Each structure stands twice: as C-alpha cells, then as structure tokens.
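Both complexes shown next keep subunit A, but they swap its partner, so subunit B is in the first and subunit C is in the second.
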Partner chain A sequence: MNARAWISLYGLLIRTSVRSRMQYKFNFVLSTLLAALIQISEFLMVAIVLYKFGAIKGWSLYEIGYLYAVMTLAKTLYRTFADEVHHLEKYLVNGELDGLLIRPLPVLLTLMPQSFRIMLGEVLQGGFVLYWALSGMMQSGQVGWTSVPLTLFIIFTGAIILFSIGLATATLGFWTTRISELQNITEDAARTAAQYPLTLYPKWMSGLLLTLIPVGLVNYLPSLYILRGEMGPWVLALTAGAAVLCLVLSLLFWRLGLTKYQSTGS
Partner chain B sequence: MRIEAKHLNKQFKTPVVREGRFAGLRTLFARDYRVKEAVRDISFEVESGEFVGYIGPNGAGKSTTIKMLTGILHPTGGEVLLGGINPHRERRRAVKRLGVVFGQRSQLWWDLPVKDSFDILARMYRVEESVKRKRLDQFAELLNLQEFWQTPVRKLSLGQRMRADLAAAMLHDPDLLFLDEPTIGLDVNAKRGIRGFLKLLNEEFGKTILLTTHDMDDIEQLCRRVMVIGDGELSYDGTPQSLRDAIGLPTRFHVTYRGNCNIPDGTMYRSCSGSIAEGEAGNAGIKGNTTVTGTRSAVAPVAAPLVVTSRQGNMITVEANRQEMKTMDVLRMLAEWGEIEDVDMEEPDFEEVIHRVY
Partner chain C sequence: MLYFTLASKAYARNLQYRGAHMVHNLASASFGFMYACLWIGLGQDHSLGEYGTQGMVSYIAFNQAALWVTTFLTNGLGIPLSVRTGHISLDLMRPVHLFSHLMAREWGQIAYQFVYKSIPIYVLYYFVFQLHFPGSLTDVVCAAAALAGAAYLSICMNFLIGASALWTTESSWLYWGNYAMSNLLAGFFIPLEWLPDWLERIAWLSPYPYLLYVPTRLYLGYGGGSLLWGTLLWCVLMTLVCLMATALLRQKVEVQGG
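Let's turn to the complex of A and B:
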C-alpha cells in the first residue's frame, strides 16, 4: 500500500468515526458545546492573568498571547488528527488493540482516527488570540506580514513535536499499562508551562522544557526569532529538524512498545 | 497455508502495582515484577487444509497461543511462521492472509450498520468492489446476512453478530482462519449454522482452520485433529478418536433384568445390599478402589474388564472399557447373570474425556 492509499483510508476512518458518533446526536452536540465552553473559561483565566500582570519579564501582552495561541493551535492540530494516541490506555487495559493488530495496516493509522472530533472551540479561540496578538504587533511595527506564514509553519512543526511527546508517553503504557498520570506531567503540565515565556522559570526547568520534554520548541524558541529577531532564521530550521527527530524517535519507540503489548486474558 | 510454531514461550511480566499517590509513576520505575509463564515450549505444525481444535481450561494459555500465532503478542521465545512469513517481523504481510474471529469481541464497527463494516474492511484489505459484492452475496446466502444487513452491529443478537463477524473475517478470502471461541454463548441453532459454514470453508474451499472452544461438539463435529493445552504446555496432539481411546473412558450399559439377577463376586466394588450413593459423594467414597472411573486412566488399566457401578433392584449399571472388551462379549456376559429385558448403551461423553486430560 502506498501513502496515497493510506491517506484516503485514514479519511475513510475519520468519516466512519464521525458517523459512529453521530448515532448519538444529542451527546455529540452536547460534548462539542461543553468542550468549547471549557475552552472559553480556560481562556478567560489566561486573560485575567495577563490583564492583571501585563507584561512579564520583558514580554509584552501581545507576545504572551502569541505564545499561548501558537501552543493552543499546535495542540489542536495534534489532537484533531491523532487524539486517540492520548487515549491509548483504554486500548491497553481492555485489550482493544488486538483488533487493530490483526489488520494489514500500521497500527497508528487505524488508531489515530478512532474518535476524530472537530475542536471548534480551540480553533476559534486560538485563532482569535493569534489574530489579536499578530495584528497588535503589526500595528506597532514589531513584526511584518512574513510572520503569518512563519507562524503557520511553527504551528505545524509544533503539532509534530506535541504528537511525538504524546506518542512516546503513551508508548510507556506498554510497560506500565496505566499512563494517565504520566500524561498529566509530560503533556498537560508541560504544555501549560510553555504557554508563558520560559524565562519565567529556573534554568533547570526551562532546560528540561527545551530538551527532554521539548514543548519549548513549539512556541518559545521559534518566537524568539519570529517576534524579536533574536538569533537567526536557522532557529526555524532547528525547530523543524527537532520536530523530525522527535517524530522518528517516538515512532521507533512505539514500534518497540508494540512488541511488549500484553493484551488481556481470554 | 501452513502454520509452524517452534518452541513458543510467553512470559507475562507485570510490575507489582503500587498504591497511593503517583502510583502509576512509581510503578513505572518499580523493580518488583510478577512473572507468569503463560505458555511453555509449545511446538506444532498445521498443514494446509487441516481443521484443528485447540482446547484447554480457562487460563491454560489458549488465547495467548492464538494471539501469538496471529502476531498480536510477541513470544518471549520461539518463532511463528504462517506460510513461511513471521507475523512478528512482517506483521502486515502476514496478517493480510489471515482471518481472525474473537468470539468475545466483535471486530465490526459497533454503531454502524453491518454493511458499512464490510465496506470499510474491503477498503482495508483492498478488495475490489466487484469481488466484494460477489463474496458478500455468497456469504449472505450461506449465513443469512440479509435479515440484518442494515442493522447497527450493537443491535444484533449474539448469533447474528457472530455470523457477521465470520463473514467479515472471510471477506478478503484468507487462506488461514483463526477462531477464538466462535460458538461461545450461542444457542443450538446458531451453533449449527456456524459449524456448517466452517465445515464448508474447510472442505470445499480448503481453508486451514484453527479454533479454540469449550464446546466439545465443535471438536467432534468439525476437527480432525485436536490439541490440548494444560497449564501452558501441550499435553495432547492427535485425533479426537485417539484422545478418547487414550484416556479409556468406559462405555456405560444400563441393564434391566426380568426378575432377579446374580452378580458374581469380584465385579462389584460395593456390596449389592445397601444403597449406593450417587454423584460426587459416591465417587469420593469409592476412590480407594482401583477399578473406579474416577481414578481410571490409560496408564493404570482396570483389573476387571467389567464393573458394576450401581444396582437398584433389577436394574444395574455396568461399565466396560471397549478397548479391552467387545460389546457383544459384554452383552453375552450380562446375559449369563439373568434374563435381560432391556439394555441401554451410553458412549463416553467427550466433555468428560476432556476433563480427564485437564
């Protein structure tokens, strides 16, 4: 099977997943609305923090909004197309992975689209903050129009990095079965931390967030160049290189993990 | 397609789960493991076109073996080859030619109509539209799929679901079929339907089939070869008939005499006077005697070829091992004890045969 056939099959599985969930229309609508509501309340929290404190350690309101928006959109992209990786635990505990392993397809290809959802709340909110931050900085002349394609680029590489972190964390579940606590740390906590400039944190922690759990590469590092012109364009190449490296490593780890799958009794 | 299993071993290493805060995280770094040997050194070969039953008690390692054969679980040691392909090294290539049915878990899309599952599977296995339609027509006829064609899978009865699952597993025309308890929980009719279909697949289309089951009728009606696994090890591999013979369960004769009968000494292991306890208690009570069914086995043959196990008035029950004594000889001997009114013969139940092996 070639890549095109895989992509079209992936599309089919997404449509299947949406159709499955549309069987329960009320639940589908309600959960979409609730997710959007939660997202808005989370945004209000950030807004209050920013409004109260204004600039943080030399980072303007717009810049912090930008960091936040890039992170949110990168996460949304990852979760839209590969949400089920985050929910691997369910498959390990119930042995549901059996059903994917007997198909002549990569397990990730059949796993990722399992519960596809359109994260409307996140897209709207992230898009709005990004628009607000970028237009604010454009008016002040801090950034030019080139920042728009560059931003889209780092949202894409950021999604790959977040996916790799998510996949590597989930893969640990092949050894431990339960992974939700670990996910709290490597995914949720790390991502929340990187919504603010890493200069806020002690050296060891920002170092950690740029290497072991490289969420800092999603927004902080590339925005140093895009927003402030620090370092040089090579930062973007570095980000992209790091994203590819993360992806390759996490996929290799995933393949190792699959050989440790224990399934369930009977 | 041939199945080869060479010295399969599977150990499950589960970390001892910690309690309390950060339990998951601490488990990750834990050093204490519980090792369970689910399968120990199992080797066998299944030739193309065979129909093999794989039986054993719960927890003996049946499902573990099937999951290793289908590439789901990686063995701790040993190797599997399916038509020469190792499903652990080349999973995608190997499973393309496999059909797998888990009786306990449907592989269909739960919330969608049955028909949609077939469409998706056809795409997954790249079955051409015209071929798909031809095969489905065939299956629909054999398995009566039309009656629930548009029904969501979650609303199917168990029997319907199993039929749909079987058709789904055969859609890409695999050479090799693995069935894990395909008749579990089905009524007699549904079982008959499934068995008929499997028989057809094996006899007419030459499919190699390996199934696990707890239903001995599946084995007797379908399999020409049976493998028994107990406690992770292969304890028997041969025909169902020779399995029965090897264990040597006795045939039971229920004899009613007209008038009185004289039972010679030595054939009774309990005095004729006094009632003989039945069921478990009776079995336990006579365990000390070497000629009792419960302790009988192939290695310790009975002393007498004929044993009277119970007597109620002029009705007696006699057990004889047909390996040692022909039916006519038994009847002749019984006729010497009195005038026979009626004889009822009972073949050893296969289920009981299996319990002996476990």
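Let's turn to the complex of A and C:
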C-alpha cells in the first residue's frame, strides 16, 4: 500500500467516525455545548487573573491572550486528529488493541481515526482570542502582518509537539497499563502551566517545561520572537526542529512500546 | 447498619489500590504545586489582598487537598455504568432507596479518599510550603463541618449527573462540565471576591461556593461559622431535588434485552 492509499483510507475512516457520531444528534449537541462551557471556564480562569492583576511579569493582556490562544488551537488540532491517543488506556485495559493489531495498517493510523472529534467550540474560542490579541497588538504597532503566518506556523508545530508528548505518555501505558495519572502531569498540568509566561515559575520548573515536557516550545518560546522580537528568527527554526525531533523520538518509542503490548484475558 | 456496611465495603475495596493512588497523589499534588508557583510569582509583583503570598499558597494547598473530598467523586455515583449494563433495574428493585444506597457507598469512597489522598497531599504541602495550621480549634471544627456538607452536596450533584444517564449517553460530559464550573465558581484557583462582580453574584446563587470556598475560608480563619447555614440550606434543597429526580428516573428506566 502506498502513502496515497493510506491517506484516502484515513479520510474514509474519519468520515465513518463522524457519521457514527451524528447518529445521536442530541448527544452531539449536548457534548459540544458542554465542551464549550468547559473551555470558557478555563479561559475565564486566565482572564480573571489578568482582570485582577493586569500585566503578569511584564506580559500584557494581549500577549497572555496570545499565549493562551496558541496553546488552545494547537491542542485542538492535536485532539481533533488524535484524540484516541489520549484515550489509549481503555484499549490497554480492555485488550481492545487486539482488534487494531490485526488490521493491515499501521496501528497508529487505525487508532487515530477511531474517534474524530469536531471541536468547533474550541476552534471558535481559540480563534476569537487569537484575533482579539493579534489585532490589539497590530493596532499598537507591536506586531505586523507577518505575525499571522508565523502564528499559524507555530500552531502547527505546537500541535506536533503536543501530539508527541501525548504519544510518548500513552506509550508508557504499554508498561504501566494505567496512564491517566501520568497524563494529568505531562498533558494537563504542563499545558495549563504554559498558558502563562514561564518566567513566573522557579527556574527548574521552567527548564523542565522547555526540555523534558517541552510545552514551552508550543507558545512561550516562539512568542518571545514573534511578539517581542527577542532572540532571532532562528527561534522558529529551533521550534520546528524540536517538533520534528519530538515526533521522531515519540514514534520510535511508540514502536518499541507496541512490541511490549500484552493483551488481557477474559 | 446496612448503610455502614455499604460504606465500609467501598472503603475496603479501595484499599486494594493504595499503591496506584499514591502515584496519583503525586500527579494531583503537582497540579496544586503549579498553581501555588503561579501565585508565588504573582505575589512578587502584586499585593495579594488580605491573604498575602503565604495565605494564597495555604488557600491553594487546602483546596487541592479538599478536591478529593468535595469534587473528585465517582462519576455520576456509578449510575451511568449501571444504566449501560442494565444493572440499574436491579438497583431500583432493592428494598432500599436508590439515593441513600448509592450515597452510603459514596461515603465510604470519600472516607477513603480523605485518608489516602487529601491527608497525604496536605502533609506534602505542609513540608514543601511550610504551611501553618489554623490558630483555633473552632476554625478546624467549622472547616470540618463545612467539608462534610460539601461532600454531601457533591454526592447530590453526582447523583443528578448520574440520573441524566437515563436520557443521554453523554453524561460524562456533565461530570466534566460540573468540574469546570466548580473550578471557576467554587473559588478553587481564585478567591470568589476577586471575580468580576457579575460572576461573583452568579457564583453565590449556586451551591458551588460551599464546595471549596467556604470550607477553605473557615479553615484559614477568615469566615464566621454563620457561613455553615448556607451549606445546610443547600444540602436540604439538593436532597429534595435528588428525591424528585429518583421518582422521575423510575418512570424513565428501560431495560434492553441482550
């Protein structure tokens, strides 16, 4: 099978997943509304801190809105296509991965489209905050039009980084079976931390968020260049390079992990 | 006696997973740690009102530990699962009321989580952040009463979330929606008086502040015991709602063959 056939098959699997979801329209509407509610309350937590204290560590309201929006959109992109990677635990606990292993496709490619999520609420909200932050900074002359393609670029590289972190965490499940606790740290806590400028944290913690769990590379580091002109354009190249490196490493790790998979008896 | 047995069985069942739960505690503690770092960072440039930096760290630490008593309960008290398996019809046939039966089981769960999650997390923070214990015994007693009330309120909320599983397959979203609301309106991360005026007013119209904000204020010695009346009022109201929901649920239940 060549790559084109894989992609068209991937598209077919996604369409199937969407259609199956649409069989229960009320459930779809309810889950979309509640996802939006969760998203809004998450944003309000950040917004209220800003409303109360104004600038944080020299970062303005717009700049922190930007950090938040980039992180939200990158996460949305990752979760739209690879939500099941985040939910690998249920496949490991119930032994459901067996069914995917016997298909004539790479396991990851069959796993990912199992549940294609339409995250309209997150896209709208992240897009709105991004629009607000960027247009505010454009009016004050802080950034120019070039920031728009650069932002789209870092959302894309950010999604790859978040996917890699998610995949590496999920892969550990081949040894530990249960991964939700670990995901709490590497995905949820780390992502929440990176919604604020990393200078807010103790040195060792911001170091950790730039290296071992590199969520800081999703939004904080590239923003230093895009918004503030600090360092140089090489930061973006570094981000892209890091994203590719993370992806390769996590895929290699995934391949190793798969060989350790043990099914469950019934 | 039956209720006590149900609760103690739920407690004993959890004992099997003590090791895994200790790992989980590290995850939970790291979340709180991150929030505390945020407030420490903010406290360097801003004044943090009546709390001060150390006060805000104590606030976050107590909240994070209290989450295991007042927020992280069994999703829908396990009703969604028993709806899916059809077990719900058996549960409804039992000679005990569904609400009190599930509640007794959940109290066992809460007791376990208090001993093996809340306390270890708080002890960890006590050493990491050099926290202070409250000055007076009254504060501790009031906070304990408020926490017990909060746990009961949370049981009621989860019962209602669980009951919704008879109408929708997506009730787990309600669980997370409820969690998100409680993050915001219960004052988990930000004390309620710092919310915008309109949001603070909305919060006080809901039972959420009694889940975390009130117990924490009492623990830190900021609130008077009169806040407990609010807890009591909401407990009574929520009990009535749960009883009504059970009556509705009885008429809705469908058993699918298989």
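Some observations on this one:
By our rule, the second predicted complex is superposed on the first by the 265 of 266 C-alpha atoms of A that agree within 3 Å, B and C clash if a C-alpha of one lies under 4 Å from a C-alpha of the other, contacts with A are read in each partner's own complex, and residues count from 1 in each chain.
The rule is short, and it goes like this: a contact is a pair of C-beta atoms (placed from the backbone, for glycine too) under 8 Å apart; a residue touches a chain by one contact, two chains touch by 3 or more.
Values in this document were obtained by computation on a predicted structure and should not be read as measured data.
In the superposed model, A:Trp175 lies in contact with subunit B only, and not with subunit C. Within the superposed three-chain model, A:Thr259 lies in touch with subunit B and out of touch with subunit C [touch as defined at top]. By the touch criterion defined above, A:Leu224 reaches neither subunit B nor subunit C. In the superposed model, A:Leu247 lies in contact with neither subunit B nor subunit C. In the superposition on chain A, A:Leu124 makes contact with neither subunit B nor subunit C.
By the touch criterion defined above, A:Gly99 lies against subunit B but remains apart from subunit C after alignment on the C-alpha atoms of chain A. In the superposition on chain A, A:Leu34 makes contact with subunit C only, while subunit B stays out of contact range. In the overlay built on the shared chain, the residue A:Leu13 is in contact with subunit B alone; subunit C does not reach it.
Shared interface residues of subunit A (contacting subunit B in one complex, subunit C in the other): 24, 178, 181-182, 185.
Those residues of subunit C whose C-beta lies close enough to touch subunit A in the complex are 20, 23-24, 26-28, 30-31, 34, 37-38, 41-42, 45-46, 168-170, 173-174, 176-177, 179-181, 183-184, 189-190, 194-196, 199. Chain contact summary for the complex, subunit B toward subunit A: residues 12, 14-15, 22-25, 27-28, 58-59, 63, 67, 70-74, 88, 91-93, 95-96, 98, 100, 102, 104-105, 107, 109-112, 116, 120, 123-126, 152, 180-181.
Across the complex, subunit A meets subunit C through its residues 24, 26-27, 30-31, 34-35, 37-38, 41-42, 44-45, 48-49, 51-53, 56-57, 178, 181-182, 184-185, 188-189, 192-193, 196, 199-202, 205. Against subunit B, in their complex, subunit A makes its touches with residues 1, 5, 9, 12-13, 16, 19-21, 23-24, 95-99, 101-106, 110, 172, 175-176, 178-182, 185, 259-263, 265-266.
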